[in-house]
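Both complexes below contain chain A, partnered by chain B and then by chain C.
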Partner chain A sequence: MAIQVNQLTKKFRIFKREAGLQGALRSFLHRQYEDFYALRDINLEIQSGEVLGILGENGAGKTTLIKLLVGLLHPTSGRVLIDGFTPWERKNDFLRNISIVMGQKNQLWWDIPAAESFLLNQKIYGIEDKQFRKTLDELVDLLDISSKLNTQVRRLSLGERMKMEIIAALLHRPKIVLLDEPTIGLDVVSQSKIRDFVKFYNEKRGTTILLTSHYMTDIQALCKRVFVIHKGRALYDGNFDILVNRVNPSKKLTFEFPEHPSAATIQKLENNFALRIEDRFLTAQLPDAELNELLVQLFNLHKPKSFSLEELPVEETMKAFFADPEKFV
Partner chain B sequence: MVRNLKLFWAFFSNSLTRDMEFKANFIGMLFVDSVYYGSHFLFFSVIFNYVDSLLEFTKDDVTLFLIITFMMDTVYMLLIAENLGKLNRMIVKGDLDFVLMKPVNSQFFSSFRYVNSYAVVSIIMLSGLLGYANHLMGRAILLQNVLFFGYSFMLGLCIFYSVDFIIASLAFWFRDFSMSGWFSHEIMKFSMRPDTIYSGFLRKTLFTIIPMALVSSVPARIFIYGPDIRYLLLQTIVTICFLIAVRIVWIRGLARYESASS
Partner chain C sequence: MNMVNRFTAKYSAVIRMTWIQALEYKANSLVGTFAIISGVFIEYLLWKRIFLTRGVSVINGFTFGDLMVYIFLSLVVGQLKSSWITSLEMITAIREGELNKYLIRPISFFTYHFMLFIGYNSLFYLVYFFMIAGMIIFFPGWAFPSLLNIAGFLGTLIISVYLSYSVYFVMVCFAFWFGEVRALIIAYNLANMVLSGQMVPLRFFPDSVLKILRFTPLPYLVDLPVSIATGNLPVERWWTESLHSLFWSVAMTFIGLVVYREGIQRYEGFGG
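Right, the complex of A and B next:
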């Protein structure tokens, strides 16, 4: 097992003050603090080579969990074991096998080309020249970024910069990689390239990957299993498709009649199902069982000119989920 | 140790690459340093228009003291200043994350990651100036004095570093401690004057609790008058105490580190 988390809790002490000058004066003289639980009693097991999506609204505790797993934060209580190491002890052998990419923070030096920062990482991680060259060439090829290696980081586009950040994080071939919103702010093409790369890299190297993203297409493409955090507590740990299906079991049917259906047919269908008919097109958004029944009736009535069945957009489904997550689990 | 030296060389090369990107900055900093040093020389020249000596420090002694002080300042600029200058913001903004993720001693990494390579030129110039001034004053350079001076200079640098590091690390406790740079700078000013101008309680404080007199004055005394076992012993003890304090502050500070939300 790559990662084992038991009863992990992280509490922050937050300075509290009222708004306005009076509040500022009062708090200057008498500070008031309150405890804020970013995470409470989290239990989690992750197998080697698994890709786990960590989901939650803003402030749910995703980043706190990631930072505890890489040892940036000390927990208030609980235990984390990653390949036998306690992360916050920050042993060099542990740090050599783990890496993090944060979509909103850079590790590359702004004013110099990324290639210079890679050389520095080579020295920091003590990577042999031959292995360094091989890994760098491979990553640069996969991410198709060789032409930008010697361009100052500040002159790169956001997508190019993220590719360089990913290279910097993977040069030492870590066994575990934590990706905290790696596609944030990227255009759809760049998002897709990063997703393809992560998928390929996980399959090729067997790297354990933990991913947080607000883009559900990232999660759908990469993670079979998701771990949902809500207000600091674990809410769901399991298959992503099952969760999506639980939130919205419907599919969208578009059925094209060969000619305009009769008023009686429309009336009959509308009486039995929630659907819409415009001209020759029938559209309905229904759960599987109802949809099957509707299809049987439709095929009995008419041979379709065309028809399609679509899954509902996962972004929309998860938006509905996060509006009231407790309702679905 | 060998690994850290290799790493330091990598930091230096990386920083030199960066500094070479900005030619104007590189040359500009040399100019700023010259003006800064010149103003200090001028300040003491004015004083020596009215007095013959500052207790046992003659005008020649003060000249040597100033060159040694500037050397200390420049070596500090070369190795440490930029790092500790950034440390406060790194703690507050959570930029320490990438330092802590590296398989390197985090204190070493935060203290030596950025090297102000331009300062190498200033150090060479100041070393030449020290030798030349010494020669003009007709003083012999004894190997023994040079060796003890080197040792004392290194301890002075460690004390300078320790005080600055502890102040910068207070951000772990006070969150936004943006006045740390200014606070350090004001304390460091005590090291820029010969210790002979201080007396009483202030003098005792500057040799112990806030040991700024041990930063430049003691190395200068050893260079000018030769090794003095009392000063060397005191400097060694204070350095050890402060380096231990730095380590404790760093470890306790890291346990309080909250990073920052994404």
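Right, the complex of A and C next:
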């Protein structure tokens, strides 16, 4: 097992004050604090080579969990074991086998080309020249970024910079990679390239990957399993498709009649199902069972000129989920 | 690769990065290097006026020439040992969560920034080496009465650079508790400039102040190396004074590591 988390809790002490000058003065004289539980009693097990999506709305505790797993934070209570190491002890052998990419932070030197930061990482991780060259060439090739290696980091586009960050994070071939919003702010083409790369890399190297993203297409493309956190507590741990289906079991059917259906047919269909008919096109958004029944009736009535069945957009589904997550799990 | 080689390779690569960065901003590096000249010039005008007004040729055992040599060397040592800009960057790293990028890699926050500081100062080391070498060659009577003084100066300078950094590091770590401690660094920096002998020789201070200063690391930061360089400190006192400065270096390193170890548990890694 790559990662084992038991009863993990993280409490922050938050400084509280009223707005305005008076509030500032009052808090200067007498500070008030309150406890905020970012995570409570989290249990989680992740197998080697698995890709796990960590989901939750803003402030749910996703990044806190990632930071605890990588050893950036000390927990209030609980235990984490990653390949036998406790992350916050930050043993060198642990740090050599783990990496993190944070979409909103960078580890590259801003004013000089990324290639120089890669050389620095080579020395920091003690990577042999031959392996360094081989890994770098492979990553640069996969991410198609060779022409920008000698450009100052501050002159790169956001997408290019993210690719460089990913290369810097993977040069030492970590066994576990945590990706915290790696596609944030990127255009759809860059998002898709990064997704393809992560998928390929996980399959090729068997790296364990933990991913947080607000883009559900990232999660859908990369993660079979998701771990949902809500207000600091674990809410769901399981298959992503099952969750999506639980939230919105409907599919969208579009059925094209060969000719305009009769008024009687329309009436009959509309009496039995929630659907809409415009001209020769019937559209309906129904759960699987009802949809099957409707299709049987339609095929008995007419041979379609064309028809299609679509999954509902996952972004929309998850938006509905996060509006009231407790309702679905 | 054994541990020593790995350590050397790792941290020499950090210094190399600072050189590459400095070369990206050539003009800024050159201007910074010669900034010391303005300091010497201001002190020259000030002390010239004081000597003329008081109508004396010696103040507290210093002729005008002795004083100018002391001030020049103290400004050199002061600049070489002052890591306050690095300290402010470290505080920002703790405050704004930039510390994350050090914590996730097998590097030490303390050593990494010490190497950054040494690296950024490298150009100063080179320029001041030539300035001091020029002074020894062209004005042989001004300072460094013997080779032993050169060795003593270099030894205590190295300790001073390290000691100064380790004092700053302790203050930097307070950021784990208070968030913003830049005012502390700035206040210390101002006090340090006066009380370490960077602006005037320490012997200009009253005995009561000197007695207190002896229980702090401040006299070992500037006054000790410069007094050895100018021959103002008898050779028989070098060892005891150097041992005091070494004691402070070890003590401040230890305190720094303890405070860091406690502080890191409170780190909240803001942002991202």
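Keep this in mind: the second predicted complex is superposed on the first by the 329 of 329 C-alpha atoms of A that agree within 3 Å, B and C clash if a C-alpha of one lies under 4 Å from a C-alpha of the other, contacts with A are read in each partner's own complex, and residues count from 1 in each chain.
Criterion: a contact is a pair of C-beta atoms (placed from the backbone, for glycine too) under 8 Å apart; a residue touches a chain by one contact, two chains touch by 3 or more.
Note that the structure is a prediction, hence the values are computed from the model and not measured.
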For this session: After aligning the two structures on chain A, examine chain B and chain C and state clash or fit.
Result: clash
Exercise. Of the partners chain B and chain C, which touch A:D111 in the superposed model: first, second, both, neither?
Worked result: both
For this session: For A:K67, select first, second, both or neither according to whether it touches chain B, chain C, the two together, or no partner.
Result: both
For this session: Considering only the touch criterion stated at the top, classify A:L156 as touching first (chain B), second (chain C), both, or neither.
Result: neither
Problem set entry | First (chain B), second (chain C), both or neither touched by A:L269 | neither
For this session: Return the residues of chain A at which the contacts from chain B and from chain C coincide.
Result: 12, 63, 67, 70-74, 90, 92, 95-96, 98-100, 102-105, 107, 109, 111-112, 116-117, 119-120, 123-126, 152, 180-181
Exercise. Quick one: in the complex, what on chain C touches chain A?
Worked result: 1, 6, 9-10, 12-14, 16-17, 20-21, 24-25, 97-98, 100-101, 103-107, 264-265, 267-269, 271-272
Seminar exercise, completed: The answer for chain A against chain B in the complex is residues 12, 59, 63, 67, 70-74, 90, 92-93, 95-96, 98-100, 102-105, 107, 109, 111-112, 116-117, 119-120, 123-126, 152, 180-181
Exercise. What part of chain B is in contact with chain A in the complex they form?
Worked result: 3, 6-7, 10-11, 14, 17-18, 21-22, 94-95, 97-98, 100-104, 106, 255, 257-259, 261-262
Exercise. Can you list the chain A residues touching chain C in their complex?
Worked result: 12, 63, 67, 70-74, 90, 92, 95-96, 98-100, 102-107, 109, 111-112, 116-117, 119-126, 152, 180-181
